[in-house]
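Single-structure report; data block below.
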Amino acid sequence: MSESYYGLLDEEKVFKDPVHRYIHVRDELIWALIGTKEFQRLRRVRQLGTTFLTFHGAEHTRFNHSLGVYEITRRIIEVFQGRPYWNEEERLLTLCAALLHDIGHGPFSHSFEKVFDTDHEEWTRRMIVGDTEIHNVLLKMGDDFPQKVADVIEKTYPNKLVTSIISSQIDADRMDYLQRDAYYTGVSYGHFDMERILRVMRPMEDQVVIKQSGMHAVEDYIMSRYQMYWQVYFHPVTRSAEVILSKVFKRVKDLYEQGYKFKQEPKHFYSLFEGNMSLDDYLRLDESITMYYFQIWQEEEDRILSDLCVRFINRQLFKYIEFNPNLQMNDWPRLQQLFAQAEIDPEYYLVVDSSSDLPYDFYRPGEEEERLPIHLIMPNGKLRELSRESDVVEAISGKKRTDHKLYFPMDCLTDQSDHKEIKQEILSLLFK
Amino acid sequence: MSESYYGLLDEEKVFKDPVHRYIHVRDELIWALIGTKEFQRLRRVRQLGTTFLTFHGAEHTRFNHSLGVYEITRRIIEVFQGRPYWNEEERLLTLCAALLHDIGHGPFSHSFEKVFDTDHEEWTRRMIVGDTEIHNVLLKMGDDFPQKVADVIEKTYPNKLVTSIISSQIDADRMDYLQRDAYYTGVSYGHFDMERILRVMRPMEDQVVIKQSGMHAVEDYIMSRYQMYWQVYFHPVTRSAEVILSKVFKRVKDLYEQGYKFKQEPKHFYSLFEGNMSLDDYLRLDESITMYYFQIWQEEEDRILSDLCVRFINRQLFKYIEFNPNLQMNDWPRLQQLFAQAEIDPEYYLVVDSSSDLPYDFYRPGEEEERLPIHLIMPNGKLRELSRESDVVEAISGKKRTDHKLYFPMDCLTDQSDHKEIKQEILSLLFK
Amino acid sequence: MSESYYGLLDEEKVFKDPVHRYIHVRDELIWALIGTKEFQRLRRVRQLGTTFLTFHGAEHTRFNHSLGVYEITRRIIEVFQGRPYWNEEERLLTLCAALLHDIGHGPFSHSFEKVFDTDHEEWTRRMIVGDTEIHNVLLKMGDDFPQKVADVIEKTYPNKLVTSIISSQIDADRMDYLQRDAYYTGVSYGHFDMERILRVMRPMEDQVVIKQSGMHAVEDYIMSRYQMYWQVYFHPVTRSAEVILSKVFKRVKDLYEQGYKFKQEPKHFYSLFEGNMSLDDYLRLDESITMYYFQIWQEEEDRILSDLCVRFINRQLFKYIEFNPNLQMNDWPRLQQLFAQAEIDPEYYLVVDSSSDLPYDFYRPGEEEERLPIHLIMPNGKLRELSRESDVVEAISGKKRTDHKLYFPMDCLTDQSDHKEIKQEILSLLFK
Amino acid sequence: MSESYYGLLDEEKVFKDPVHRYIHVRDELIWALIGTKEFQRLRRVRQLGTTFLTFHGAEHTRFNHSLGVYEITRRIIEVFQGRPYWNEEERLLTLCAALLHDIGHGPFSHSFEKVFDTDHEEWTRRMIVGDTEIHNVLLKMGDDFPQKVADVIEKTYPNKLVTSIISSQIDADRMDYLQRDAYYTGVSYGHFDMERILRVMRPMEDQVVIKQSGMHAVEDYIMSRYQMYWQVYFHPVTRSAEVILSKVFKRVKDLYEQGYKFKQEPKHFYSLFEGNMSLDDYLRLDESITMYYFQIWQEEEDRILSDLCVRFINRQLFKYIEFNPNLQMNDWPRLQQLFAQAEIDPEYYLVVDSSSDLPYDFYRPGEEEERLPIHLIMPNGKLRELSRESDVVEAISGKKRTDHKLYFPMDCLTDQSDHKEIKQEILSLLFK
């Protein structure tokens, strides 16, 4: 690989970062990538979607996180330098993949992708190999360099060691977001001794492994991850906002398909609705644009669209109750019927949301999504899968936990100025 | 004052806050205010304007800060309870003023106010006494309650003790923003021992005073403030973004006044341009809306508007050099002339920006903006102005420091594909 | 209970504390207890014994910790005030028990008690009910007050709620030491959200329970506890120092019993050796005194005593290997024989040390040391044992983990200036 | 300089350190020095003398601090590597000097040196060039190596750049102790951005200089230093303990000189009293030994010695009042006379203590203790003395602040069971 086009910066650039203190950039290539408009766009996509409505500090963006993943990767490579299995020629490739791994995320990705059936990984690939500023920067490293970066991110790159730095059960991505999300939300979970973990990471043939002496730091990381999932990522209030957001997207798409005449036309969404979205269209669609539409749609005539937007903008969220799938399913048809009778469209206002997490898993061949386990390297040089050494990890490994909740607008139900009896029946079914 | 309409919440509400750990709400009145759409709008106005372009962590909003000022005020009042001079009947009034003191801030206030000649303090008043959800919530406390809240914020309320909690040289507002801005930017300044300061605050006839034993904590606070001003608030890169922002606002206003035909009409700004902005219009104008326009204006035909918007959105900022007013003014007409000849409109692309700070000041009658000094209460019960006791504060008190910088688009000047000789003359004048 | 003798201090006293920021004392009774010579003596007993030889920061004392337990108890009681089951008349009793719960600890308690067959709990009782300054301070609260304080500490006090604040699986004692020991050692474990736990603690009939909404904070606490045990408390290097310390104590006792003539007589230990130690003798025996003897014993003629003391003072510790009880026991007699032949007395220089921890346990009737489980109080008011709600806790609950290590002076074995062949055989047995 | 004897360790050793997270040792030479008995002795000398009686967390030792200074020096050298003026051959020399700079400190140095007229710098030299384990370790680096290390510490080494790393107004020593003492006391001062300062340090011909862009971090460091002096180091309660300690030392020396017959002979002090203390005697005299004597002297017959020891051990300190030298001197003879009449020996019980600090100073030729100023290196490569660039530093530079306090045993004066009238006159003179 020729690294001749880009050299080192005359003077190292630093970003002040609350999580890693400083983010250091010495490579012209990295500096050029950060300056592209596609990378700057990540400033307009929040890292945690609707979580800011639950934890008001969580306004941080994917720009922050991407720099953080780059920085952790840079530090991992510092540890790897000169060690067996690590090929210094893959340094810049690894750093680029770290920096760009989230470049394809759209506004409020989670709901966006579900409703519009898009895939941020596909858009990431297009941003790297398509006609973008990023592509042009990468191209100067060699004709095949952009594709290699995309391959690392897509995990199809032949050297699995490189892939595993960015994407595995203990990678630069996870280590950054756990700490970063903990910092900005202010929760007391999410802390672990990353400095220690970095010191005990070792390159191996096809993966990063951990020296056995660092096992407890890894245990702590896995417990942090577990706590962050249930305390932050799956917080029921965040999911309530996410439910409303999805329904806004769904409603506007349904209306468009029904030929509804918008007072304020959602031009930025047209190519999306029509299934022919270009890279340029996609790049325009950040969270500022989305929030603009949510605000103007508050004044649409369609009652459902305007109500859902008012709810999202002013944080008048749905309430939730535990949902027992077996029991409640029996009442489901009746509940839907009652909602319809009370003129509260159940398609938008009666929603089951499920979240589930698998805190740590080892390899089980044949399963859909095989997860590469974490390996410890023992004093004798042999590898052992983490859960065989750690009681704590063994205890939680492979245990999928799922949580189901039912969301609905309690305010509509307790406002009994109309459909009083129907609403009372609804409430008694919900809380029986 | 009747406090009968609102009581205490059944269960205390808490917000997780990275700076104060938890923000506690027990009063139904406060909870109702937080739920209003005007207060929720503060989620869409950043606390530090364009600072996020310098410190990527600084995406936090005025919503965060307002809750923080409320929380500090709540803790101050806890210390005051049962002490002389403190009237518990003014508790809710003080808390409301703390929570709402920034409610009138528009998008990117600093530049916005300068260009459009608006005043967030005036809008704050209108949001409290005008026809808003906030007003309706406050009204239930009594007919004159909204006005009282506005009076406290405007410092015209008769009891100066109440005012000084929210607004003085050591108040809940400053104590929150110093810590909060330090947290989100990640700088190592901005820390001081607030817990200690809260413990040594005492109510007096017309102000909050500090027990002498807490003097060093106050010194530390003043030094933090000093460092934050020069390290964060007046950071030259932030000011570069602010310069561009102002020029975008100015350009769009100029174009409107010239009858320019916008491809994408800035409807949200019309009433502002026409000088008849309503409260509703103002409420719509948050930073999402503003960012939406900046993005679509990138595609306007007007070269200046589109260029400035591209610069702001993609962070291609102006460079800066120290500006010596005396020396450089001699070259000023020549510089402007050369810029014009090089087709780089100096009205938009050659800008002097000055920042100045007065770290601490004592009362000097007759000056425009009289600043109430900080008083220590000595063991013998007498008051002494802080700078008479503290060498450090005495050393910096009353010393105004000003910094002048000259901003311009270096990229245009080094791109010598046209006007080569003119640009060379410009560069030699700038760097002579 | 009459509280008439002691009132409130004119001005609250505060201790600056790195862990809890400030420790607040308002009660004259507490202030008087802190001033006693028995309480001040705790400044001369380290909280973590020999751990300072592994983690150089761990020089903190039981004085620190005792104040910390008092402070946490004070905050718990603040939460309990006015709630059912909590009797405000037991406030001072609870605070005294919290402050004094460790008052009977001797120098390097762990080894001290093992070798000399003393019991710090018994000494605690004697310091409270015997003729001490503490006793005299407590007595002014009423004739039976000292006994009540002792009863709470010994868990024989009738109101189990009071006992459980000081001593249960989630009590003020554990919450202080986990955080404090983490702070002074500098490890990244040991952190949990105590502020949250305090907010969700509720008094019940015979125990403190936790609101279900706080379950994750408790999980985090239990995981912290688990990590601290294996990372700090059972650190093999600390145990090496502890092994040497025990052997010093044992040697000096053995020598005394053999009528050995000390160059420097261990007068402070005589009554201990003779089994008639008075309270005054015990009070004199702090860690400064003990360290004094260790230093002068370096110059004793007895080779074992002086060698062990040199090792302890200069941190020339024993090395360790994993000890497999089944396998290694077969070689045990041979190893001992070889050590003796090499003139390395195996009684002092070949030591197995075992540590085991039970991270969390629920009640199993009939077991020796029944541990009161942690109960959650559910939204419906019912209690549920923690491990039934928490997957993580369930996973580790009741799982006792034991670690066995074999300690010996590697330096003696590798110094093959004498007994070369014997030492080689020893090494081959140890590392086979 | 030959570095052949010592190489690199097979595996880097790390110490967990709360202040610097980890202390890294790769050089066998450094590892060997840490293992010497003279260095291990620093575990038995507190970093802050009697400060633990004011801030209970401040039990940390000179062992901690010495490792910290080594670690900071190591990081400074990492920044210097490959830069002009820095000679990599002086790396180990600099690290040794950093590690050993405090090796000569005795127990409670401050009072110890004042009373016994010793000098820790002289003892440091003797420990390095005398017959010690340290000397033998250093000698293997070359015959003149020990002397060079001593020269660096004594600032007589020809290369002033090396000296200034260890000892200047912004050196590794000060940077460590400010942070470390802040950490262990728990005060909120003492924080500054060391990572930033390390990044902007540059080697120059005869000193370390600071890049101008790092000026604010240096300002913050100087303000931290200022606050730590007045909040921690000169805390009046600490000085009270120091006063008592000095008087204990003085009393025991006076008694010895008077031929007093001690119940428990202070053998460890004899050679000191007789002015012929050997290196071995000095090494034995650590704080455990000293505390041992303080404890047993509590039972001496001499009333003054036993009283002062009881006070120190049980923290029954002297009270203090501000002392106005001019005013109070007029009453001084009378006060002394009255103390004598009340049988409270004024030589031990009426003490003026003065502390003064010069927060920052620039070079003023001809003054006794010339302090090397801090220099900034400007973008144009020129040096400028810090106070010419920084308003804050200019404001406090060269301003010596002195504080005088009068210490006496208030308890004796308020106990008016005897000498009632005399004591009343004393009190009225003290508080007039």
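Residue numbering begins at 1 within each chain, and the chains themselves are lettered A, B, C and D in the order written.
What we mean here is this: a residue touches a chain if its C-beta (ideal position, glycine included) is under 8 Å from a C-beta of that chain, and two chains touch if they have at least 3 such contacts.
Quantities reported herein were computed from a predicted structural model and do not represent experimental measurements.
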{"item": "Per Cα centroids, the chain farthest from chain D", "value": "A"}
{"item": "Interface with more contacting C-beta pairs, comparing B-C to A-B", "value": "A-B"}
{"item": "Geometric centre distance via CA averages, chain B-chain A, whole Å", "value": "32"}
{"item": "Distance between the centres, which are taken as Cα means, of chain D and chain B, whole angstrom", "value": "44"}
{"item": "Cα-centroid distance, chain B relative to chain C, in whole angstrom", "value": "52"}
{"item": "Residue numbers of chain B (touch at least two other chains)", "value": "21, 187"}
{"item": "Chain B residues within the chain D interface of the complex", "value": "187-189, 191-193, 196, 216-217, 219-220, 223, 226-227, 230-231, 391-392, 395-396, 399, 401"}
{"item": "Touching residues (chain side chain C, partner chain D) in the complex", "value": "15-19, 21, 35, 37, 40, 43-44, 52, 55-57, 59-61, 63-64, 67, 183-187, 284, 286-289, 291-292, 295, 313-316"}
{"item": "Chain D contact footprint on chain A (complex, rising order)", "value": "14, 21-22, 195, 199"}
